[in-house]
Amino acid sequence: MSRQEATEKILHAKSTRNISFEEIARAVGRNIVWTTAALLGQAAMNKEEAEKVTACLGLPASVAEALQTIPTKGSLDTTVPVDPLIYRFHEITQVYGTTIKAIIHEMFGDGIMSAIDFTMEIERVPDPHGDRVKVTYNGKFLPYKKW
Amino acid sequence: MSRQEATEKILHAKSTRNISFEEIARAVGRNIVWTTAALLGQAAMNKEEAEKVTACLGLPASVAEALQTIPTKGSLDTTVPVDPLIYRFHEITQVYGTTIKAIIHEMFGDGIMSAIDFTMEIERVPDPHGDRVKVTYNGKFLPYKKW
Amino acid sequence: MSRQEATEKILHAKSTRNISFEEIARAVGRNIVWTTAALLGQAAMNKEEAEKVTACLGLPASVAEALQTIPTKGSLDTTVPVDPLIYRFHEITQVYGTTIKAIIHEMFGDGIMSAIDFTMEIERVPDPHGDRVKVTYNGKFLPYKKW
Amino acid sequence: MSRQEATEKILHAKSTRNISFEEIARAVGRNIVWTTAALLGQAAMNKEEAEKVTACLGLPASVAEALQTIPTKGSLDTTVPVDPLIYRFHEITQVYGTTIKAIIHEMFGDGIMSAIDFTMEIERVPDPHGDRVKVTYNGKFLPYKKW
Amino acid sequence: MSRQEATEKILHAKSTRNISFEEIARAVGRNIVWTTAALLGQAAMNKEEAEKVTACLGLPASVAEALQTIPTKGSLDTTVPVDPLIYRFHEITQVYGTTIKAIIHEMFGDGIMSAIDFTMEIERVPDPHGDRVKVTYNGKFLPYKKW
Amino acid sequence: MSRQEATEKILHAKSTRNISFEEIARAVGRNIVWTTAALLGQAAMNKEEAEKVTACLGLPASVAEALQTIPTKGSLDTTVPVDPLIYRFHEITQVYGTTIKAIIHEMFGDGIMSAIDFTMEIERVPDPHGDRVKVTYNGKFLPYKKW
Amino acid sequence: MSRQEATEKILHAKSTRNISFEEIARAVGRNIVWTTAALLGQAAMNKEEAEKVTACLGLPASVAEALQTIPTKGSLDTTVPVDPLIYRFHEITQVYGTTIKAIIHEMFGDGIMSAIDFTMEIERVPDPHGDRVKVTYNGKFLPYKKW
Amino acid sequence: MSRQEATEKILHAKSTRNISFEEIARAVGRNIVWTTAALLGQAAMNKEEAEKVTACLGLPASVAEALQTIPTKGSLDTTVPVDPLIYRFHEITQVYGTTIKAIIHEMFGDGIMSAIDFTMEIERVPDPHGDRVKVTYNGKFLPYKKW
Amino acid sequence: MSRQEATEKILHAKSTRNISFEEIARAVGRNIVWTTAALLGQAAMNKEEAEKVTACLGLPASVAEALQTIPTKGSLDTTVPVDPLIYRFHEITQVYGTTIKAIIHEMFGDGIMSAIDFTMEIERVPDPHGDRVKVTYNGKFLPYKKW
Amino acid sequence: MSRQEATEKILHAKSTRNISFEEIARAVGRNIVWTTAALLGQAAMNKEEAEKVTACLGLPASVAEALQTIPTKGSLDTTVPVDPLIYRFHEITQVYGTTIKAIIHEMFGDGIMSAIDFTMEIERVPDPHGDRVKVTYNGKFLPYKKW
């Protein structure tokens, strides 16, 4: 079973059983962001995690196997995302990209924020003027090596 | 004076006087991310803020005027950023874009995180395995309007 | 059922039963533009709205369910639209984009017209020299936040 | 004098003299949208209109001549606009393009809304929840010719 | 039946029955260019025209219905055509585009040649040095509106 | 003198002396389309033609020399033209490209219309409903060689 | 049968019967390059040629019919070829394109080498340092027409 | 002196002194194609060759030095060439690319024609129906290495 | 059987039988990199090698035949790879491309490193600070030919 | 002084003084690859390293300062490199990208080879059949983090 077929089966079962990503994440014992990324084909689960998913959604073993394969990553169909919600993240990189680079260099020196040794949190922050989405990127600073 | 010329003069004076973005931000009385974005041509200052910048960097009034014009935003030269530090933010959108969309929809319903009613923080988080870069996006949730 | 399959079933039933978007919109109790956008996979209906659509078109419950899922938005196959009717809207952005930016900034200051807290109207305006298409965009002004 | 040099001189004089597009439009006797488009190099003025601009801004006759030449139109640097304000108009075409096409065809038959026999209005609509931007497109319907 | 399926059925029947576009156009009572464009999914026929096509090609009523729907126009798979015959028309626009613009502006003032209120003729012109293809574009001049 | 500098000098002198392309073409003794194309850097004149241009516009011999060099052709800045007048020609290729191919093949067999052994005429056709632009392409049919 | 299906059937039969392009070309009585191009969907055969192909490969009449239709030409999936063998030809155009232009203009004047009245030969040239591929392009010079 | 400046000086001197590429090639003692490529910045000369060029064109030693530097190769401004003469070579790759691949593989096995151990000849072939351009590519076959 | 179907069958069997690329390479008697490239459709095996693969994976003869055909090479779906692991190799070319060119030219003169007479090794290098990936490219230097 | 001006001054002085990258690297006390990358604007030197460069090349202090700023990285002008030497590295990624991914995943699990904690060596390997270029990439394996 391909990774993509597994994703389709998972989303179908999730919708039929009316289970949230939150609930699956709790069953798996992982953060909702990482769990959702794995379910959408962007991360690999271990055997135990994958079987908790299929147990929770009533799916066959072949889905659990697919969830353990290392996926070809990249979730967008186009270079610049078209969906407005996802585009806003592209816009932030477009508008604030040089700002982020200038400040990280001032704080850390020459290097990058890792997108591999990296975690992300998404939270809902209540606000009387309208609730807010808070997204936190947390990546290890990797200094450029000299040789 | 064009916005771009003002940015060049600012970066030159900042380098000559050896002043950090942190220090300029403190002088302006604003967060370092917003201040740096304004200095790099991605946000408009008011008169008072702009004059604090030129005072602090020893620059003429024409620079302060330029800082008050509303800029044409977008800081990258290419659609997909080439610099490795900035590319990692593009990669995060590429890999986690659909995950972010799925979770925000589950938490909030149909809508987006605003990139306008939006703040960003960049912090250095000490860590014995190597310090970490923490970037926080905080945007108002905007629900799609029906009519 | 995927959102795209639902759209195809809806358009087929609409054509077979010879019902206009106008009539469906009236059945749903919403504006024709919003209703058509939802039918074409660009907005999410609530349960009541979706069931009015399937009642009116004689479609199964699975279509109503699909209409309630939040779609991945973006209706064009290409970055620049090829169909002449849709291209004219791209051309207006190309030719008048900087004009719109200059005037909104003069009227409101630094910010944008929301495309989320947004409504659109399309009307036929009788005119002895040839009737006219009138399209009205109405979006909340969102000022850039400072922090 | 090239059209682009004329635009730069006009924007400089406008800024120095602190005159709004609104005021120039009143001096010219035309709508603010059309006038701004002409000043930004997207429409051609006649002799009288052009001289009113230069009178009002204290600019030489060569600017008035440039304003009378027919420009090569297109105001954006990139195919997809990068500036957030202008991008929202692209997003509207992306999300609502097929909706607009479906409704215009239902109302008028096969044809397009002209972007040439076309006017645009931009207004500020007061609103207790935040003022709104109202943009009205008004273009002649052009039916496809059969032959 | 989709527009594309109708096109395929038409081309198949045309080939099997060995009927030329010329003959179908005569049956329909329209110019060969417009008729071919309609058969290839770029124009909408009325009921009478569509039924003449299906009568002439022995096709079912569903094809006639498809021919009456307003198509999403655009016949090329790529932005720049790859087929040499079609590419030559792109090359003419590339090489002579600014020439055409300069001359139309000199002849008519600011405006465009309509591609909607437009007809095209294709003829074979006998020539002792090799016959020639003559293609005539005939579009209404549309002057830019001032407002 | 580069071809581009020559074009700029020619357009400047033409504007200052208020001479039309029509008049220059008459002076050169060639069609207005070909003459304009040569002046805009898309064709090479012979010595006699080039000197008639410089005589008529009061330009130095270096311009006449430039007009005799074979130019690197291609008059558009972008792959898809942005200016609305020129875009309409691209749109015609987009919408009618497969129609043109089908008809030329039916009339002539496998081959192309030459864009080299090619002439173009542009005319103003008076019409009570609004004058029309008539553009005629006339290219030698070139059959594909078999070997 | 579409042109592409015919190509697939031909390649399958060629592989099964273990026949070379060389042998098919000899059976058809044409050069191997032209014959292969026709088999790969880039040229149209006449009835006799097409039937020799199907006789030689044991294919049905529908394949012979497909080989007689005029194909939509263009054999690459991408603008810049990705396969290393084909890329080298793109690289030659990239590196030597302006050289070829300069020399042809010096030898012939303003015009092009036809890619229609054109033949190509591919030969193996024995060489003690490693055999060489010799590819010969032979196209009629087409001078630009003046008018 | 940059490679590009050297090319400009060479083309200017060549035009002023009215010397052909043929004559320079003879002076250098190399083929006209290679010599022209080197003059246009696509190959590196040795000291002796470079000094023959500057002697023949009356240029300073700095040009000879520039001709000896190894250039960054690639002569086209765009991915797909726009100039019709150069485009025809792109078209040949587009139309015959898979044919060339199929035949070279049949003749030689898996590998490529080198574009480095490579020579090109351009000749004028007299022909009563119009002279022909003959371009010969001659590249070493490089078999893929197994390991 | 197409090359792509063969790849799918191979990966499926490899997964089912739980055999590593390392083990298949040992069975074939070739390096793991070359073997994997061949299995993924980027190199052609001889009969003996192909049959060892199918023996080892329990696959039919048609797979062995497919492995002997010369593939259309190119393993990425997009010009710039999206998967983070593969992107890092693109980034290295982006950041160090001019460095590599400068050093190879200094070491060897004008020429290239062959990607055809080329081998690659991938090794795991133990390191107390985290194991390292070592990738070695080894390509014949090919000097540019003069003629 | 901008990073790009510093690079130009360095390359000019290096050429005038006839010093190799090898010699500069020895003076700096770093590997030739890293040193060249820094000189070409892709890495930041410390004060001591930068001053050794300017001492060795006879350049002013402003160059040494520029060499200490953190550059915006990315050395190519185009997405796909056009220069044949650099293109071969792109081709290797194109052809072997999925192979590299498959093998690294088999050896290490889900993660990437770092391009930051990374070193590169370039060597000349004597070979009787023609010397070879050996390029070694050595990057830390970074496993994907779960959270």
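Letters are used for the chains, namely A, B, C, D, E, F, G, H, I and J, taken in the order the chains are written, and counting of residues starts over at 1 for each.
What we mean here is this: a residue touches a chain if its C-beta (ideal position, glycine included) is under 8 Å from a C-beta of that chain, and two chains touch if they have at least 3 such contacts.
Keep in mind it's a predicted model, so treat the numbers as computed, not measured.
**Student:** Going by the stated contact rule, which chains contact chain C and chain J alike?
**Tutor:** Shared contacts of chain C and chain J: A, B.
**Student:** Please state, in steps, how far chain I lies from chain F along the shortest route of touching chains.
**Tutor:** Minimum number of steps from chain F to chain I: 2.
**Student:** Work out which of C-D, A-J or B-J repeats the contact pattern of H-I, with more than half of the residue-numbered contact pairs in common.
**Tutor:** Residue-number overlap above half with H-I among C-D, A-J or B-J: A-J.
**Student:** Taking each chain's centre as the mean of its CA atoms, which one is most distant from chain E?
**Tutor:** J
**Student:** For chain A and chain I, let me know how many angstrom lie between their CA-based centres, rounded off.
**Tutor:** Computed value for the inter-centroid distance: 30 Å.
**Student:** If you average the CA atoms of chain B and of chain C, how far apart do the two points sit, in angstrom?
**Tutor:** Taking the average C-alpha coordinate of chain B and of chain C, the gap between them is 32 Å.
**Student:** Based only on mean CA positions, could you tell me how far chain E sits from chain H in angstrom?
**Tutor:** Here the centre of chain H sits 42 Å away from the centre of chain E.
**Student:** So how far apart, in whole Å, are chain D and chain J when each is placed at the average of its C-alpha atoms?
**Tutor:** 48
**Student:** Return the residues of chain G touching two or more other chains; collapse runs of consecutive numbers into ranges.
**Tutor:** Where chain G meets two or more other chains at a single residue, that happens at 33, 72-74, 76, 79-80, 82-84, 91, 94-95, 101, 105, 111-112, 114-116, 118, 142.
**Student:** Name the touching chain pairs, please: which are they?
**Tutor:** Pairs satisfying the touch definition: A-B, A-C, A-D, A-I, A-J, B-C, B-D, B-I, B-J, C-D, C-E, C-F, D-E, D-F, E-F, E-G, E-H, F-G, F-H, G-H, G-I, G-J, H-I, H-J, I-J.
**Student:** Quick one: in the complex, what on chain F touches chain H?
**Tutor:** Those in contact with chain H are residues 65, 69, 72-74, 76, 79, 115-116.
**Student:** Tell me, which parts of chain B touch chain A in their complex?
**Tutor:** It comes out as residues 20-22, 32-33, 36-37, 40, 42, 73-76, 79-81, 83-86, 88-108, 111-115, 118, 120, 122, 124-125, 127, 129-142.
**Student:** Taking the complex as given, what residues does chain D use to touch chain B?
**Tutor:** By the definition above, chain D touches chain B via 15, 82-84.
**Student:** Would you tell me which residues of chain B are touching chain I in their complex?
**Tutor:** 80, 82, 84, 87, 91, 94-95
**Student:** Under the definition above, what is the set of chain A residues touching chain J in their complex?
**Tutor:** Against chain J, the touching part of chain A is residues 30-31, 33-34, 43-44, 70, 72, 101, 105, 109-112, 114, 116-119, 142-147.
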